[in-house]
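The first chain written gets the first letter, and so on, giving A, B and C; residue counts start at 1 in each chain.
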Amino acid sequence: MEISTVMKKRIEEIISKEKRIDDRELIESRELEIEIGISSKAEGSAQVKLGDTEVLAGIKLDLVEPFRDSPDAGVLTVNAELSPLASDRFESGPPGVKTIELARLIDRGLRNSECIDFKKLCVKKGEKVWSLAVDIYPINDAGNLIDASAIASIAALSVAVFPEVKEDKVQYGELTNKKIPFTNLPITVTVYKVDGKFIIDPTTEEEDASVARVTFTFTYPNEDLHSMQKVGDELSEDELIEMEEIALKEGKRLNTKITGLLKKA
Amino acid sequence: MTKEKEFKRADGRALDETREIKAKVGIIKNADGSAMFSFGKSKAIAAVYGPRVLHPQHLQNPEKGILRCHYDMTPFSVSERKRPGPNRRSSEISFVTGKALEPVLQIQNYPNTVVDCYILIVEADASTRCAGINAASLALANAGLPMNELVAAVSIGKTGDSFVVDLSKEEEDFTIMKDGEEIKAATDIPISMLSRSEKISLIQLDGKIKASELKEAIALAKKSCREIIKIQKKALKEVKDN
Amino acid sequence: MPYRRENYTNREDMKEEETREMPEEIDHEKSRDIVVPGEILAKGKEILPGEGTRREGEEIVSSRFGLLDKTDRLVKVIPLSGAYIPRAGNTVIGQIVDVNFNGWNIDVLSSYQAFLPVMECFGYINKKDLTEVYDFNEILVVKIRAVKPRSIELTMKEKGLKKLEGGMLIKVNSARVPRIIGKAGSMVKTIKDETNCNIIVGQNGLVWIKGERVEDEIIAKKAIEIISEKPFEVGLTEKVKEFLEKNKKK
């Protein structure tokens, strides 16, 4: 069901007063939990809980022929599946626009941040390279799927290892302890505009009440910006810069938090 | 008989022993009911939505509500990545899972509606359809639907000369050499049983056993399902701790 | 007992059945056991099988997952969860999802679509465009007039039924509604008094809260969520009162 007129007004009103229904600050996100290794069949996997939003991500490796125009580089594909398991707003069937956007957002963040060294995924130039498939599977949508999915992806990538290879064939089920060439976590933060104010990590209702959002992906400590995506109403230059500042600050905190959680996991 | 005593399963289990079972209810907040169930490394989660309006209208049944099961596997649940989307295997499993659960569900009083049950295999190590049925049975109960009894499922296998309970992938892939060729020699018999009447709601067989051995396989399954039902009951009663 | 497919348009037909509208019959403070489908609840021919149970020979068996309510004469299973089952006479809150020439399609969070015909509204409506009366996504408090095989028929021709403006709308598990209302409405009245809010609890689990200040509404919301999310707590009334006292001082 779409958000009711009554509730939309209330959320706008509360946020315009710089408060939120669940008592958070405008730029405060919900509690984050990361569990790694949720599928022993994956070369890397993770389950992320951001408040009530839960996302699974898994990494599968395979040996393939490289693309003609990059004979010594590995291949990356990012896929997402918005299963009706996670929300009554999702439908069965082929990926819709929302699913594709989610996958492409995560893909751009990973690719542009150069966190994966594609050259190190080359086995034999022109003949055999490693392909990395990142699969994102939300299992409960309670808002902010984009950021939760991004965290799940980098968590899974950070623990992913190469499988054994014998005579040019991948020996699935036999993992080496050699990690894939993944360094420098790309951190994704989406900032939402609700009634003239900016919030991060919205609940589903807050997302419904928002009029625009911008997704940023940074790496730290250099504070490089690798990708941006804006959706919704038009924004002024000042608004965009303010949103970037919010995302950059939250990203820094997230970077430290995620790094810490992954060390413990 | 000595042969049976000597037979050791690859993971050291007794012939009639399942892998470690974990079950938890109420894990997906958006759903009306949900659960997780795992046999060792075969892990399934299930989410139930409904009864709800069924679109399009021509699919509605004016006599009673419909149960629709949707079985799916994550691409990273299996050794070789599974391409996203339905395939023939998942369609078949969706169908038999629904048939296994229908007998206990009393949705004849909800005409024209649908109960959607989504099953997702997060990690697959054989017996996934059984893990799925067990998770779905818990999720349907958790959803508060009128249900006569619970449903429990387990796979019975035959590797070599002995029947074993809860096949692992290694056992499912058991092969023997025949005429210099490696051929598949394991039989897989998934069976589901109702908790009170102990009637069988699902039985499939894939392989080769003697006709006279079927009775033994069913008896073994029943014994195992009784244990699984105890675990399912415990998981439902522990919902207050979640 | 499952609802019957015939339309019952008046409350007389419902006298025999257990309905969720009579919380006075249930002692909410008692600690109860959770039971599962197929579980044996009682034995003997003298005990009657109530809602959520069935008789099989000598035994009374559970037909759902819920809380056991057992006396010497009657056994029933109180639902802990589950989609809302619409019944004639229920007051519910619904959201407009479609507007036709002769009425509105309303989502009441149930297994069926609900319809409010223009004729069932108060006063004379002479608007060609019904969205000028009630528009998409607005919410109304309505009564269920009849439950038919494919739809629920609604009415607003009763005191207290109206469009809801302002305030906030929350969703709770409809199985918890009797507890939120309390014995003779005592629980919801306590929350209303302590937070100075107007609260309407729909039988379908939608709750509307309107107060002088948004902060008061949020306190009422949290109090209701304590009840909705802790079905197993004994002494819930005390806990809610404590919470309201603590927050009153803010």
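General observations
By definition in this document, a residue touches a chain if its C-beta (ideal position, glycine included) is under 8 Å from a C-beta of that chain, and two chains touch if they have at least 3 such contacts.
As the structure is a prediction and not an experimental result, all values here were calculated from the model.
For the pairs A-B and A-C, the count of C-beta pairs in contact is higher at A-B.
Relative to the C-alpha centre of subunit A, the farthest chain centre belongs to C.
Taking each chain's centre as the average of its CA atoms, subunit B and subunit C sit 35 Å apart.
Subunit A and subunit B have Cα centroids lying 32 Å from one another.
Per-chain Cα centroids separate subunit A from subunit C by 39 Å. Residue positions of subunit B touching 2 or more other chains, listed in rising order: 52.
Contacts from subunit C toward subunit B in the complex involve residues 2-5, 34, 36-39, 52, 54, 61, 63-66, 79-83, 111-113, 149-150, 175, 231-232.
Subunit A contributes residues 38-42, 45, 52, 54, 56, 58-60, 62, 79, 81, 83-88, 92, 94, 133, 135, 137, 139-142, 172-173 to its touches with subunit B in the complex. Only residues 32-33, 50-53, 60, 62, 65, 104, 106, 109-113, 141-150, 194-196, 232-233, 236-237, 239-240 of subunit B touch subunit C when the two sit together in their complex. Taken in their complex, subunit B has these residues touching subunit A: 28-31, 41, 43, 45, 47, 49, 52, 70, 72, 74-81, 84-85, 116, 118, 120, 122-125. Those residues of subunit A that touch subunit C in the complex are listed here as 1-10, 13-14, 17, 19, 21, 23.
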